[in-house]
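In the two complexes below, chain A is the common chain; its partner is chain B in one and chain C in the other.
Moving on to the complex of A and B:
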């Protein structure tokens, strides 16, 4: 790989054409992330994959038609139109088959995806046999091939990507309502079926736009991986869609730059690998929802539980056998190597016992209220006045005959 | 023939009861109530709801009761166009539902929601304001404040930033109620609001519903618990696919009517109510 070329492409300084392709790819990535967010939330990713695979026969037939009419079969808008038509047909089949037969949606998706794609592959071999067919470069539509992309094509992709991102933004409210609670959405007047179709139509439009950049086999990954990654960073739907758009754009940017620097590799694969890398980072490193953060939180909780257990046992003069409790207490210097409590340990044990009594009163006052297990310092939940009130009641209990 | 003549003719042929029905229908165009006229809903070949008539007046809490499978939820869904009606019509304050949408709040059973969805409690409450905000305009601060106020009224203000799936069942129910409040509706239709909720939630919800009723709203609840029918509600509609009885609770929920609605399952329903 030519690293200098890669860095140059990344900085948009490797030539006008490369820069245009990179920006166009990034806009497509943003549209894919944003539209894909609702696909992801509505759990329709596989239907979109079937639609993407169903574009192939349309692309091939459009090529054949254009050549037959005497033109250059590779005119991108014509190929996009053909792909959209056959993808729409595939989507219709995916919706209609479960509705009119006893088959489930997964069977419909599998059947449509495979048969349309197979038909497309056969058509590709027919095209190969045509005069001039070998130069068609149509197999670039499978995995994406930005090398040799025309300026006009890059502009088409860039403007369509921008338009689709805007359309997703415009439709965000009905799509959010329908994805979260279709019953309520219907009651407030949202046509849920129309919204579902709109979500799929946006995905279809992104697929058709991204044929040359990412290719039909991998476009579903660019639709789904960015929102899945974004989900680790936020609990809000608007930020999920924005985060997905950002991650999609960055993945496509990096992928397009890599593609300029590695001549043989298909662009789609490089874009998707970039997205997968960002996903892995998100999954591991995101605060609160990331794997690392969750593991650390669990360790903290475990430590607190065992510390409390150990201290209460100490206070009651019981022997501690639990290894985690021993470790927690030893770590804080509350017991010695022999397991006997230190001065600090005895003080901590007495404090723990007193707090436990206070928590017991608090629990009795508000049965069923959350956060009363006694795992955090009582000062975090109650004011000094309230704690003093607890102590007064405890004192009164001890004094009572 | 004069109407007086018609009336006596009907009475003479023993169809006196018809007069009551006709009269009731004429009065049913009340501007301050929700009226259901001869609504039939069917899934497939069997009717789930058949020719049900009912009037839900403003300033009253009405319970829709009946055994499992009686079509109570289906009736409510049909009222808000979430299920298709085979026949009949529903009027909200004299208007069809499509025109009265802004004034009607529907709180469905919790099951239809995706709990992993990235929505915090405040986001769900804001959904009630989408109609007001409009499709494309940005939400303003006053909208967010209205959403927070609605959460406060159900006692969930402290949980505003919590993701909806992390709340308990009762807390989720209260957030959905806040969504309905944010809508600023005059009619509240709730499907089993007390099913499986904790005591705190039940108290909060019944207090809020009473407040809404006292302010003149129509409150309709599909209700499953016969033991609290008298305490919580002013009126009741008993049904089992067909309407069995309707009116103030004492008049509608007589032992005979309950027997007719629940059939052999009355003992079971009572036992469940005792245990629940």
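Moving on to the complex of A and C:
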């Protein structure tokens, strides 16, 4: 790989055409991430995969039609139109089959995907045999091929990507409502069926736009991976969509730059690998929902539980056998090497005993209420006056000798 | 003369792709019935995506594309994929569909990049072949005519893909015969199956393993497009023809044979009938015919109405 070229492409300084392609790819990535976030929420991502594979016959037929009419055949808007038509047909079939027959959605998706794609493959071989139809780079629509992209094509893709990202932004409120709580959405007047169709239409448009950049086989990855990655960073739907757009854009940017530096490697694969890398980083490192953060939080909780149990055991004069409790107490200097409590330990044990008794009173007062497990200091849950009231009822507590 | 070829030519060039397609279709359609009933129809899609990096890996390690390293590579890839999906589901708390989507597309992309960077395309693998196989290259050089079918020496030199798929089909048939009750029970009522000790989870795992074997055996000759089509379309069409499991399996095999035969026929001879030269992709045509059969069943199948089995 030509590292200098990669870095140059990354910084948009490897030539006007490369820069345009990279920016166009990034805009597509943003649109894909944003639209994909709603697909992801509605669990329709695999239906989008079927639609993507169903674009192939449309592309081929559009090519044949354009050549037959005397044109070049590779005019991108024409090919996009053809792809949209066959993909729409495929989507209709994916919706109609489970509705009208006793087949499930998975069978519909797989059947449409394989048969439409197969028919597309047949048409590709027809094109191969056409005079002057040397498949003309239609192969690039499978896995994406930004090398040799015309300026007009890059502009088309960039403007469509921008338009779709804006459209997703404009429709975000009804789409969020309908994705999250269709019942409520219907009750406040949102046409849920129309919103569903809008989400699918956006996904379709993103697919069609992304054909030349990422290819139809892998476009679904750009619709799924960025939202899945963004999900680790936030609980909110609008932020998930925003994060997905950002991650999609960055992945496509890096992928396009890599593609400029590694001739021969399909752009789509490089974009997907970039997205996968960002996904892995998010999965491991995101605060709160990332694996690392969750592991740390689990350890903190475990420590707190063991500490409390250890202190209570001390207060009641019971022997402590649990290694984790011993470790927690020793770590804070509450017991010595021999297991006997230190002064600080006796104080802490007394405090723990009192707190536990207070919590017991609180639990008895409000049976079944949440948050009364006693894992946090009681001062966090009750006011000093309330605590004083508990203490009055408890009287004097004694540590075991 | 058959279809413009002499008999000897036909047996050498025309027959092997047909036989390969038939065997592949049957080997995939058979387990596909149970996958369909268990709502796991997309496992075939998944395995096809994942087989590519496995095969590339096998090629990179051994430098050849012979049978056993390929099967092993694909098997390792499938296991790795399953482990990755589980990891993503646990660590990421994603729902299964999303986890699968993430893992499969990533692994496929890894396979594609590995292919290109290692210039494995200098040998016979490339992404196109992974997708639509290489039926046209299944030739039986040692055949001299119909008599070769009875000649043990010539048969022994028949294309390896055919023997591989015949083996896979035999294995599928054997498993279906032996585990029919367990598979049927686990597909329809897993709870009841567990309560009578029919071990639905074991049956499920065995089914997945069988699916993988069929897919990998067929992959190199017919590509992932046919594999997915055959796992789903004939069984789906069959499901809309009858309520009974044994009848469904029978119908699915009939549809699989029909798809393979008519697909092969139309691909090789269709253009000629329309006045054009050459042939079109056999794999694509087979998948198309399978799809048409499924759509026809959706339109007019006697048992098409109803709700999907939950």
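General observations
Heads up, the rule we're going with is that the second predicted complex is superposed on the first by the 390 of 401 C-alpha atoms of A that agree within 3 Å, B and C clash if a C-alpha of one lies under 4 Å from a C-alpha of the other, contacts with A are read in each partner's own complex, and residues count from 1 in each chain.
Keep this in mind: a residue touches a chain if its C-beta (ideal position, glycine included) is under 8 Å from a C-beta of that chain, and two chains touch if they have at least 3 such contacts.
These numbers come from a predicted model, not from an experiment.
A simple residue count on chain A separates chain B from chain C, and the partner touching more is C. With both structures placed on the common chain, the touch criterion links A:173 to chain B but leaves chain C unconnected. Judged by the touch definition given at the top, the superposed model places A:377 against neither chain B nor chain C. Contacts of A:181 after superposition on the shared chain: chain B is touched, whereas chain C is not. Within the superposed three-chain model, A:217 lies in touch with chain C and out of touch with chain B [touch as defined at top].
Touch criterion met: A:231 reaches chain B and chain C at once.
Look at A:333: by the touch rule set out above, it reaches neither chain B nor chain C. Contacts of A:143 after superposition on the shared chain: chain C is touched, whereas chain B is not. By the touch criterion defined above, A:71 reaches neither chain B nor chain C.
In the superposition on chain A, the residues of chain A contacting both chain B and chain C are 231. If you check the complex, the residues on chain B that touch chain A are 77, 80-82, 98, 101, 104, 106, 108, 112-114, 117-120, 123-124, 127, 130-131, 133, 135-136, 163, 168, 176, 179, 183, 198-200. Listing the residues of chain A that touch chain C in their complex gives 40, 43, 45-46, 49, 93, 97-98, 100-107, 109-122, 124-126, 129, 139, 142-143, 217-218, 220-221, 224-225, 228, 231-232, 262, 264-266, 268-270, 272-273, 276, 279, 283-284, 289, 291.
Residues of chain C touching chain A in their complex: 36, 39-42, 44-45, 88, 91-95, 97-98, 101-102, 105-106, 108-110, 112-113, 116-117, 127-128, 131-132, 225-226, 228-229, 231-233, 236, 239-240, 267, 271, 276-281, 283-288, 290-292, 294-295, 298, 301, 303-309.
For chain A in complex with chain B, the residues that touch the partner chain are 41, 170-171, 173-174, 176-177, 179-184, 186-189, 231, 234-237, 239-240, 368, 370.
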